[in-house]
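To start, I am sharing the structure in question, which I have written as structure tokens.
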Amino acid sequence: MTEFNQPISGNDLARFSGPNTFMRLPQADSLEGLDVAILGVPMDIGTSWRSGTRFGPKEIRAESAMIRPYNMATGAAPFDSLQMADIGDLAINTFSLSDSLRIIQESYAAILDTGVIPVAMGGDHSITLPILRAIAQKHGPVALVHVDAHADVNDEMFGERETHGTVFRRAYEEGLLVADKVYQIGIRGSGYAATDFTEAQGWGFQQFPAWELYHRSLSGMGGEIRRDIGSRPVYVTYDIDSLDPAFAPGTGTPEIGGLTTPQAMELIRELKGLNIVGCDLVEVSPPYDTSGNTALTAANLLYELLCVLPGVTAR
Amino acid sequence: MTEFNQPISGNDLARFSGPNTFMRLPQADSLEGLDVAILGVPMDIGTSWRSGTRFGPKEIRAESAMIRPYNMATGAAPFDSLQMADIGDLAINTFSLSDSLRIIQESYAAILDTGVIPVAMGGDHSITLPILRAIAQKHGPVALVHVDAHADVNDEMFGERETHGTVFRRAYEEGLLVADKVYQIGIRGSGYAATDFTEAQGWGFQQFPAWELYHRSLSGMGGEIRRDIGSRPVYVTYDIDSLDPAFAPGTGTPEIGGLTTPQAMELIRELKGLNIVGCDLVEVSPPYDTSGNTALTAANLLYELLCVLPGVTAR
Amino acid sequence: MTEFNQPISGNDLARFSGPNTFMRLPQADSLEGLDVAILGVPMDIGTSWRSGTRFGPKEIRAESAMIRPYNMATGAAPFDSLQMADIGDLAINTFSLSDSLRIIQESYAAILDTGVIPVAMGGDHSITLPILRAIAQKHGPVALVHVDAHADVNDEMFGERETHGTVFRRAYEEGLLVADKVYQIGIRGSGYAATDFTEAQGWGFQQFPAWELYHRSLSGMGGEIRRDIGSRPVYVTYDIDSLDPAFAPGTGTPEIGGLTTPQAMELIRELKGLNIVGCDLVEVSPPYDTSGNTALTAANLLYELLCVLPGVTAR
Amino acid sequence: MTEFNQPISGNDLARFSGPNTFMRLPQADSLEGLDVAILGVPMDIGTSWRSGTRFGPKEIRAESAMIRPYNMATGAAPFDSLQMADIGDLAINTFSLSDSLRIIQESYAAILDTGVIPVAMGGDHSITLPILRAIAQKHGPVALVHVDAHADVNDEMFGERETHGTVFRRAYEEGLLVADKVYQIGIRGSGYAATDFTEAQGWGFQQFPAWELYHRSLSGMGGEIRRDIGSRPVYVTYDIDSLDPAFAPGTGTPEIGGLTTPQAMELIRELKGLNIVGCDLVEVSPPYDTSGNTALTAANLLYELLCVLPGVTAR
Amino acid sequence: MTEFNQPISGNDLARFSGPNTFMRLPQADSLEGLDVAILGVPMDIGTSWRSGTRFGPKEIRAESAMIRPYNMATGAAPFDSLQMADIGDLAINTFSLSDSLRIIQESYAAILDTGVIPVAMGGDHSITLPILRAIAQKHGPVALVHVDAHADVNDEMFGERETHGTVFRRAYEEGLLVADKVYQIGIRGSGYAATDFTEAQGWGFQQFPAWELYHRSLSGMGGEIRRDIGSRPVYVTYDIDSLDPAFAPGTGTPEIGGLTTPQAMELIRELKGLNIVGCDLVEVSPPYDTSGNTALTAANLLYELLCVLPGVTAR
Amino acid sequence: MTEFNQPISGNDLARFSGPNTFMRLPQADSLEGLDVAILGVPMDIGTSWRSGTRFGPKEIRAESAMIRPYNMATGAAPFDSLQMADIGDLAINTFSLSDSLRIIQESYAAILDTGVIPVAMGGDHSITLPILRAIAQKHGPVALVHVDAHADVNDEMFGERETHGTVFRRAYEEGLLVADKVYQIGIRGSGYAATDFTEAQGWGFQQFPAWELYHRSLSGMGGEIRRDIGSRPVYVTYDIDSLDPAFAPGTGTPEIGGLTTPQAMELIRELKGLNIVGCDLVEVSPPYDTSGNTALTAANLLYELLCVLPGVTAR
């Protein structure tokens, strides 16, 4: 028996039962004593096509009830050596994108102050901008592993500078990132010009378009990224639309020809050893997730991310 | 500000956010100080056609997040004068119907011991037999308001004597009910012989077939039932399949030609003043509830039941 | 134990099990000895908006597995005194509407030759024209109870004279009907001119628009129709879109403001005593029936039709 | 043949074909010569529970393809005497509620300037506030027929004063309405206090809660409202959630025990003769409309509204 | 700014808004000045299993709204150098397959006369036979790139010689194809005999069964086909069921073990340089496309086809 | 014309028509003369997360109607040389898991007595324990090809020793298997400790975790397994959740990162030549199979299994 919080076992309470926390971990009302805080940012007003990501945290938690604590593939046992809990949702203002971004940034500043590692369930990708602002305030500019179908480096959308499609241009401009340690993986689809991608290469961003990754393992690429980052603080942001819509239909701006879940797991598992200071998984839109598979996939990828956090032991 | 538990307000935390408790009430770990305990009994192994009711409590709670504390139609304010909480789910054994029924009965005995009124979210209707056993042990034989498409008075099904279709024959045989104060409302459909219904009439059960209730208010009938019951202890069991499938598609054994939600609310609202010692709402099957409406309806009917519990004040 | 075919009982074989015949009746390979033949006409190439009715017979049969043999409301016991069986599907030509109509007419002629009463599961409404041709050949012009959102009396559609929207003009023109004993019930919606309905009134058709039927029982109207028809042969054609889309979403040309299932049952039950020489239930489109309720409703209405066939006894 | 725009006939082009305009009317690029402009306001960022209404106009148009030009029940022929067209969607800013409201108001001011009657497809109900601002600027304070499950008279929601739940308090405060000629029909559900409804009664609003309307025709009530309004300008705002979720599941904040579509049509048909200066139909959320029925219902109710516009003749 | 038609930008009008044309290109009423005409052929009466493809064009257009004009992977900018427009749907006769095929052939003859390249959205695969007839009349026998789960070389189906399963036998017999320049890619599944495939090999058809293509890039194969075709006119017909049902569930006759979307894009991208004289994408069945992904995939593959048309430049 | 039972041809009866037997084979009432008996075991009460597999046999049969008799990839013609029939469903007791397991074992003993090879459609995986008990009684301990996301070697679940998660520990303990000829293929996901898998390795089980199988053909592995088994009797149990949820969403305990259908077919096709004494395909849960693809996949994999049964010839 460990001293750390554990998910409720399926032998104690049927899996379709119990609290709707991530993996049925305890819900914590305070950050006191936590190493890792799992939280929801239920928001969809930063999206440009289909909405619905406001229900992302709820459904990811629901599907996470089936996950058990030990990673059969890697031996990671995330609940053996870190104190983790679900701290609930941020109280965003669903009628105002700008106000919500402010709330997120302030909430993250308070969380990071305690030294806890925040693991967010989105919400649309616009949540990552205020998160990175708080992260940079705490850690300085960070490396970024950004898995996504989109580069999210638009300048503005319908005149707005802070949306789910402008996050990483803003983050670059504001100096929140170590630009040549930014890795954009799985980008693809259509745009307006080659510069939609290449301009960010000019800033130093390293891009791995989806079409270069087909039919093969991403373990090698993951290892190279890990070695390239070294010991600097790194943030991981996982947009579920990086996956092919066959694997993740329930998202707002799906693009065909994406990654597979084996590739996603190969990539994340190679990040073990990095100094991850926070991560998020965004853009799960339950109303478009008719099978529940997208939320299930998100829950599992979040679990894989927990398994590579600093301090997690294997057995 | 009241001293009693209140649902989280939508102005404090967006409705798509927060704990998955009934109406976002606090989750209680102990019965201490409670007047009413809302609980889930997530079970579907007593069903004969479609399964899926094991996810009933989870989805009813999810849809209940939209309900506010004050009943605009009746003025009832259930959280003004009673201490209510969600106490989570019973730890049933999903592989054994008989063992689950034993667990339910024992759990209910413990709950009733404290004087708390239990309000259950099913689960299939087989849960009501062990509930009534515990209720009768506490209160003696009780009156029963039973709203259902089915009389649930089979003798056995595939050789089994305890299933969702045999509940009220067993309850009658075991003396758990005041037989002439049993009201079966909304029964209809097909059977094997007239005695499928009439035998129970011979025991004293009062039956209100659906086809006698079409196109009219149920307020009158509800009032008559209330006056007929008087002050004796009464249990209310609401099978969601009493409603027409247009109003409640997500259930295991739907029968066309059922009640409407206006009728259901008219009926329940007339029960105010009765000495209700417990109630349940059963047979919501989320995998067949493609619109979510059935769970939404169930949540609202449970709310209406809370509004007529003894001690609830109006304002 | 009766000498007549009986549905498999749910106590002998779980309802989700067994053959996919109507009500799990035996499948008959010959008409020999049958009083009533239940058959499928799986076709959708006569439809003008959504297709999918080709799967109607399959899904109606699937949902019919829950129906038991005795009618609790009316006491009818259709399997006590008539030999009924499911004779499978007609081998229509799914690539040619005209060829399919020919096949249906010839098949019906053969069935009617034996004296068997045919009960068809559609298929789109265009199947009723060749059926009526065969019926009239056998019985002469018949009375017609036609429940539908549409009058189906167009002259042509895209130049075609035989589609699901022209059936009853053709039947009238060809003298298949006793025109002043045709009852069109539930018609409504939009059209091109008042004559879309009134022209048929000029032929003698009696029309009961949906908007005159709201909020009340159809028992009275059903009784009047029964008395008006008297002892002459009558065919009953039930288009599921007569029902409101809330009750029957899975159909090809839904019209809001329709009948309810209580009204449908009230109407059909009043037809007991008529000399029904055949009937059909058409326009169930499973791909649009996300809850399965439309097929369930169709199965039940077909069952109600079986209950009012000549010779069916009550007990 | 008329000189006015006509929907494409199903005999010229199959109904599943052709432009996605309302009823397959021509799309107009200018307001020149129009009497009525049908337009979309695709927005969902003013919603508090489920989103998705941004796709409302698209789906309402898709389902409207089945409607023919003549109203069989009332004889109205809306395209005989008024020039109507679909003018497309307003170019709202999906990232900013306040900016979108500004765009709507300015767009409406321009439309109203031309004397055209605007008929809007929402979008969430927050669109009606800027519409009423423009309407009042043009016509002065107007009477209001407001059909809805909710009174939408909150003061603020999460600190915001302009959301889909605060519309009519703002409109009242700003003097946009003739307060004692405001009719709120179908309101119901739960709230925080009796004053949630009664405060607006104090302003003069006339309220018709759903529970007073069950089981009966709304023609009488509709006629009374028409006579009470007389000849003054009136705006009609129809929130699809006024309907019961059985009839309109695809909406963001469904409340059980609502109106039926027969009632909705009875009500709207009684408004013929009023000086309607504009109308809207809001809150259709396609991702939650699994059967398509909600958009179908919305399209039909919009058609019924076209049928009662001033100047529409019957034949 | 270009002189050519451009899709509406998401920064000018929200993507969930605007006309339902392919990629929100202008709708053209005349072929005058066009290089490429995108059109719908909404038909499903040539299908043998599930229907629904009549709604294919509508849904493909709806999902195409998210595609932007520049191909990030290949640099193709199809709207830079060719005038493209959506010319709407052919007015097929939904009640007659043979009449519809005639209409298609005549319509195509008229289109081809103008020198425009036609790009069709099906509809079931039977549309390709009249298209090829018109194509051969214009261009003589053509090479054919045929991507499909099925060889579609049946002789007849239920006695009919023109259905979605007989297209390429008819085309071969009628001399519409250069037989040894026909490439059937992705064929698989079950049949009646080896000759179902091998007979067509005897005609010269080159077949690439799916099981020889697993786990690898199709770029090499695509390049070989391109070189083998050389400069002769070629028609490309893409049956969406060539893809695995995981990638394209919404189709009428799905076969497991199919191609992936990466493979589909690799293949199409290699066709750049060919003298493509027309192409189509068929068999998208929206009622079976619960996630919308199949229409999304179809829209993207059509876009990829536009990107390899003769005269399209890259930048 | 062959002497053996053949599926009904799509040219004789439209595929959406006819009996709901596997591949529309004849239904046999006796085992007399059969070589292979295909049967359903419709059960879901052994599941720990989502239920619904009770409808598995019904839906697998429904989707199997599209499969034709000849295997285009392998040349196998299973109906050329073996007499096969669908013998319907076992009459399990849906209210008792233990009683159902007893019924299955007894039924299998009777089937095996006749020398017929049984091919089962589940149902949840708990059915395989009584099947193996009967198999071992007939054949002695057998080799086992077990394709699954889970090892199903738990000791107990909620105190129960016979559930869908404990099958192969029980089978091992009871000596039903040749332990070092057990192949567990596709296992993955999360657990409680490394021993969840490794303990079974200690018994001799050979495990092929999914993560070792990505991006490559399984033909090689299949061939090795075939050679390792040699001529001893072998049972094949195929849990549909071995596949990735993208390929098989409709199952009760999905795990991401699974096999693809090409891999599944490559594996099964390599089993040709083995002495297969029975096989099953389990865990298809139709209520979660929104596209029908999972049942379609199951039907095809069962067909592939028929193709490798001993005695099946190729042509």
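Lettered A, B, C, D, E and F in written order, each chain numbered from 1.
The working rule: a residue touches a chain if its C-beta (ideal position, glycine included) is under 8 Å from a C-beta of that chain, and two chains touch if they have at least 3 such contacts.
Chain by chain, the UniProt names read as follows: A, B, C, D, E, F = Agmatinase.
Source: prediction; values computed, not measured.
Enquirer: Count of steps on the shortest touching-chain route from chain A to chain D?
Expert: When the steps are counted carefully, the minimum from chain A to chain D is 1.
Enquirer: Could you label the chain C-chain E interface same or different, taking same to mean over half of its residue numbers are used by both chains?
Expert: Mostly same residues: over half of the interface numbers shared.
Enquirer: Using only Cα atoms, superpose chain D on chain E and state the rotation angle in degrees, rounded to the nearest 5.
Expert: The C-alpha superposition of chain D onto chain E needs 180 degrees.
Enquirer: Chain B to chain D: how many Å between their CA centres?
Expert: So the centroids are 37 Å from each other.
Enquirer: Express in whole angstrom the distance between the two chain centres, defined as the mean CA positions of chain A and chain C.
Expert: Here the centre of chain C sits 55 Å away from the centre of chain A.
Enquirer: What positions in chain F touch 2 or more of the other chains?
Expert: Where chain F meets two or more other chains at a single residue, that happens at 14, 16, 48, 50, 54-55, 94, 157-159, 215, 244, 246, 288, 290-291.
Enquirer: How are the chains arranged in terms of who touches whom: line, ring, star, complete or other?
Expert: Topology of touching chains reads as other, fitting no named class.
Enquirer: Could you please write down every pair of chains that are in touch?
Expert: A-B, A-D, A-E, A-F, B-C, B-D, B-F, C-D, C-E, C-F, D-E, E-F
Enquirer: Which chain D residues qualify as touching chain E in the complex?
Expert: Per the stated touch rule, the residues are 12-14, 16-20, 27, 40, 42, 54-55, 57-58, 61-62, 88-89, 91-92, 94.
Enquirer: What does chain C use to touch chain B in their complex?
Expert: Chain C residues touching chain B: 9-11, 14-16, 65-73, 75, 215-217, 244, 246-247, 260-262, 265-266, 290-293, 296-297, 300-301, 303, 315.
Enquirer: Would you tell me which residues of chain C are touching chain E in their complex?
Expert: Residues 44-48, 50-52, 54-55, 93-99, 157-160, 162-163, 287-288 of chain C touch chain E in their complex.
Enquirer: Applying the document's contact rule, which stretches of chain E touch chain F when the two form their complex?
Expert: 48-50, 156-159, 187-194, 196-197, 209-211, 214-215, 244-246, 249-250, 253-257, 288, 290-291
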